[in-house]
Amino acid sequence: MSPLAAVFRLSLAVLMKSKRTLVIGLLCFLPVLGSFAGTSLILSGVATHELTGFSLTSFIIVNAYVYVLLVVVTLFYGTALISDEVDEKTITYLFMRPVSKTTIYLGKYLAYLVAASSLLLPSAAICFLIAMTADASGEAAHHLPILLEDLTVLALGIVAYGALYALLGAWSKRPVFVGLGFTLVWETLVTFIPGYLSKLTIKHYLLALLPHAVGQRGILGLFESPTSPAAAVVVLLLTTAGLLALGSWMFTNKEYVLEQ
Amino acid sequence: MGDMGHPGARDGVIQVEDLSIIYGRHRALDSVTASFPAGAVGLLGPNGAGKSSLLKTLLGFLTPTSGHASVLGMEVAARPLDVRQKVGYMPEIDCHIPGMNAVSLTAYLGELCGMPSVEAIQRAHEALYYVGLGDERYRNVETYSTGMKQRIKLAQALVHGPGILFLDEPTNGLDPKGRMEMLALIRDLARRKGVNVVLSSHLLRDVEETCTSVVMLSHGKVVGQGTIEALKGASGELFEVRLKGSQRQQEQFAAALAAVGCSATPAQDGMLEVALTDGHGSELIFAEAQRADAQVRHLVRKQPTLEDVFARAVGEK
Amino acid sequence: MTDTAAPIIRAEGLSRWYKQVIGINDVSLTIAPGITGLLGPNGAGKSTFMKLITGQIRPSRGRCLVLGQPVWNNPPLMRRVGFCPEQDAFYSGMTGLAWVRGLLTLNGWSRAAAQEKALAALAAVSLLEAKDKKIGAYSKGMRQRVKLAQAIAHEPELLILDEPLGGMDPMGRRSTIKMIKDWAAQGRSIIVSSHILHEIESMTSSILLVNHGRIVAEGNVHEIRELIEEHPHRIFIQCDDPRQLAGRLVGWPVVAGMRLDEDGVEVQTTKPDAFFTKLPDVILADKVRVTRLLSPDDNLQAVFDYLVK
Amino acid sequence: MPIYDQSYRPYRGTLSSHSMRWLTIARAGLQHYLSRRMFLIFLFTAFIPAIARGVIIWLSHQTNATRDLTSIDGAWFRNFLDWQGQFLLLVCIWPGAILIARDLKTNAIQLYLSKPLTRTDYVAGKFAILAGIAFLLMPAPALLLFLMEVGLSTDTAFISSYFWIPFAILGYSLVVITGAGLLSLAASSFTRSGRYAGLLFFAIVFFSQVGGQLMRFITGDHGWIVLSLPALMDQVGALFFGGPTEFGLHPLPSLLMYGLVVGLSLLVLRRRVRAVEIVT
């Protein structure tokens, strides 16, 4: 078995066994509940008349997934990869194996990708399917490509944010604080400043790819200088590669042992 | 019942009457009645016998289902804070205040007992000298070994000058030398410094070497209490011996003893436990050792251990 | 393969400090194959040396070679080294077998081969019956043994064990010591660290004494024992009539000094060996009923204080 | 010449009653964090908006040109406090969320509660640490800016019409810091890993936002917006400073939601902060 696959399988087993995966799984279930509630309100006629199944899913995808869940899940698993193993001192066993630290880093990153996407993507799809029952039967097939686009955006988000938070986990003792500091302050602050500064955030490119109307993006959308979807995907992938390279370099050269 | 006026309060440092703690079906303490005299008292029993539950009730952490307890004449249920001000507690689990060194931690906990901050720092240094923490007291506590953390736990229990110490498994995680020093400290506190001590431990040797009387618990019930001397009765001929010699010589020594009806069985840390049947004195050990040309380097006569006393007590109940 | 006589560990002017705290200070040594005991009180630089030879930290100065190669970020070397760390750290949700097998797959073996080797390793540490139990539910002794299992599972040439006997009961201690001796007999080199002298004595005769970040003594444990013997030794004897015994002993040339207290006599001697050999003669001749005989400072600390002085 | 026993001596001094214990905990915590370089850097970055606004005030008094561009009034201060709310959320994530979690991980809680102090003292002390830091972030700079504006203004027009602003600043900050602080401590007492507690806090705040927006979006009834904690902060801002809110003012639902958040947090704290794990 190749060392990369070995690290991947071991890390995935650890991630999936931890009790916290249960809680994060529960969090991913909440939007499904929201979608179910919304759909039943539409069907029972209580909801406002112009609300359709599709507008419900796009609201949930943008506000619940892209803005909150994506950050929570990627930040939780991204930082857990390195920081948890360093805090619990189990990283020593991996370092004492004939596997380069870069391979360990990438193997763990792949395990993170599977864990995060196995929670986010299915639940997003379920939200879509439930809400589609509120619209005419033809509508669901018509809107399917939109769902696929949304799932790609989420997947790119998992890939990019994951690389960033794994780097934070390898570099700082407080990756959650720094990570949320980046998301809360930098990614919102920078969008108030018109011009190119907002190109320095992952969220900008994700929003550029989102197939939903600008309106739903709220105030963030006003100052955006547009980026074409193709450019956005390229930038996201390049950023991810850069962050992974920097992260594995940091992980290889840093000493993870409590000094005397 | 007025706490000071209570007849038993004067001689007993701690009075416990018909104390019970029941979680659902599990009876942690089952109508426990005991009186802890002044000086060092051992609280004995295997893990899960209710030792920690009793200590935590005396500290006011647990509210008893029935019965009541008083510490130094103060009713625990009525005045938990005053009791805790007079008590120094050394918890069993590994614990420390994050982000502090030994001095700031001990001083901080002194202040939490009501000491002014200047006096707390001065008392902290005094307590740390006493427990044998040298200049490593300025290092962050996270980098401490278990042994050093045990010493800080004792220091923080002493810093505010308590009338009574509750020590829960004080020699936990200590190497042999550290254990001897910790027990010496406890003896010194109880015998020369007039601090009452309740030492809760499942290591009966620790209690034997420090306490004068014991309260024995098993499955939440008191199975015996009183001075160790009284409980032990006549002392048998049991020795803890260490020989300097090869493995072969030790086997020869053991065989020679067995031939005469005595026995020598290996025990902890390379020691031998030698049981002599009556009529044989310790000279036999020296004689057989010499014949096997091994040297007796360590010989301690052991009275019937508390294990036997405890086994008998549990057996009876 | 390097020839067998070559040293397994070589340190040249090796130093490591953390800001102002000295971990290890300019140490130069070579460790030959076989079992070597690394001995020193807690915090004496022993764990820093262990972290250097396992490549967990980099030297601040000097070089550290394991099996002839630098160890920092040198994955191929790890195929030949097995390490049992001191900390009690595990994936508690995982079973013993799954953990050892998982680590073995990192060595490149397929799942099946890793499974087989893992079972062999668990059998060696007699943990087979607990292989499917979660490590979180293991006792302290069992956790210690599963750590040993992952260290030997890939049959390394060099084993580095940090306080392997920590927290074990006498039974567990004896079986681990026997295991370590068997592994050495199979031609493996082993470095064992501990702060308890007689534990190391029972495993090996070659010792490295570390204290305050420096190598205090290197060599055979019997030489160390002689060192202990030479420094003034205190022996306490408790018996029915200590004055009468003291009277008999004071005439002996080996007795350098004596102190009487209520229930016994404390003898100082520089030749404890001779004293202990002769002592039984007096006891048997005068039918002295001895109830306590112990020498308070017959331990590692005594050696250090003596050597460091 | 008597030889004094150098070892242990009983303590002669007096031990004060347990009333001010929470202050001891607060002082130690604040001392700890305010002496750490990393934290001071963070505090400085949190002050940048205040400095920027100080410059704006200064400029507005130099040249009349900018006078009409930015009118310094209640809304201006409310906007500043709203902006500092981002930093308040960050402070609730660190050190807020680790204040109790780390004590649970290191079992420090046993040491605390074995001293003569109640669980309320302990929680009050930890809350005071977070509130102390939050005070530096929100009301302190706001009041400074207000004083600067009053100081620089030549006539009494500003002070006479906006004398109520300092009270509004203090009131708003007190309400928001108490709510966010208690929620952060509740998340912190819920787990032994500070990192995970921070994430829980973030998830609660932003999931409530999504919940509120979704219910409003579905039912069209703007009252639901109060479910969202950030929107709740906005409602409190409107109550204290007046001025518009995005989806109208709903005082009663806001009060209800605020009570719910504070009540639930206190309930979790009462259950989780104990010296003994009730293990049946």
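Structure notes:
Labels for the chains are A, B, C and D, by order of writing; each one numbers its residues from 1.
Everything that follows uses one rule, which is that a contact is a pair of C-beta atoms (placed from the backbone, for glycine too) under 8 Å apart; a residue touches a chain by one contact, two chains touch by 3 or more.
Predicted model only: the values in this text are computed from it and were never measured.
Using the average of C-alpha coordinates as each chain's centre, D ends up farthest from chain C. A comparison of the B-C and B-D interfaces places the larger number of contacting C-beta pairs at B-D.
Computed from the mean C-alpha positions, the centre of chain B lies at a distance of 28 Å from the centre of chain C. Put simply, the C-alpha centre of chain B and that of chain D have 45 angstrom between them.
One finds 53 Å separating the Cα centroids of chain C and chain D. The multi-chain contact residues of chain A, meaning those touching 2 or more other chains, are 259-260. Those residues of chain C that touch chain B in the complex are listed here as 21, 42-43, 167, 169-170, 174, 195-196, 198, 202, 273, 276-277, 279-281, 283-284, 287-295, 298-299, 301. Residues of chain A touching chain C in their complex: 1-3, 5-7, 9-10, 13-14, 17-19, 88-90, 92-101, 252-253, 255-257, 259-260. Residue ranges of chain D in contact with chain A, taken from their complex: 42, 86-87, 89-90, 93-94, 195-196, 198-200, 202-203, 206-207, 209-211, 213-214, 217-220. Interface residues of chain D, counted against chain B in their complex, comprise 6-18, 21, 24-25, 28, 32, 102-103, 105-108, 110-118, 274-276, 278-280. Residues of chain B touching chain D in their complex: 23-24, 26, 56, 59, 61-62, 81-82, 84-85, 87, 89, 91, 93-100, 108-109, 111-116, 119, 123, 126-127, 129-130, 156, 158-161, 188-189, 193-195.
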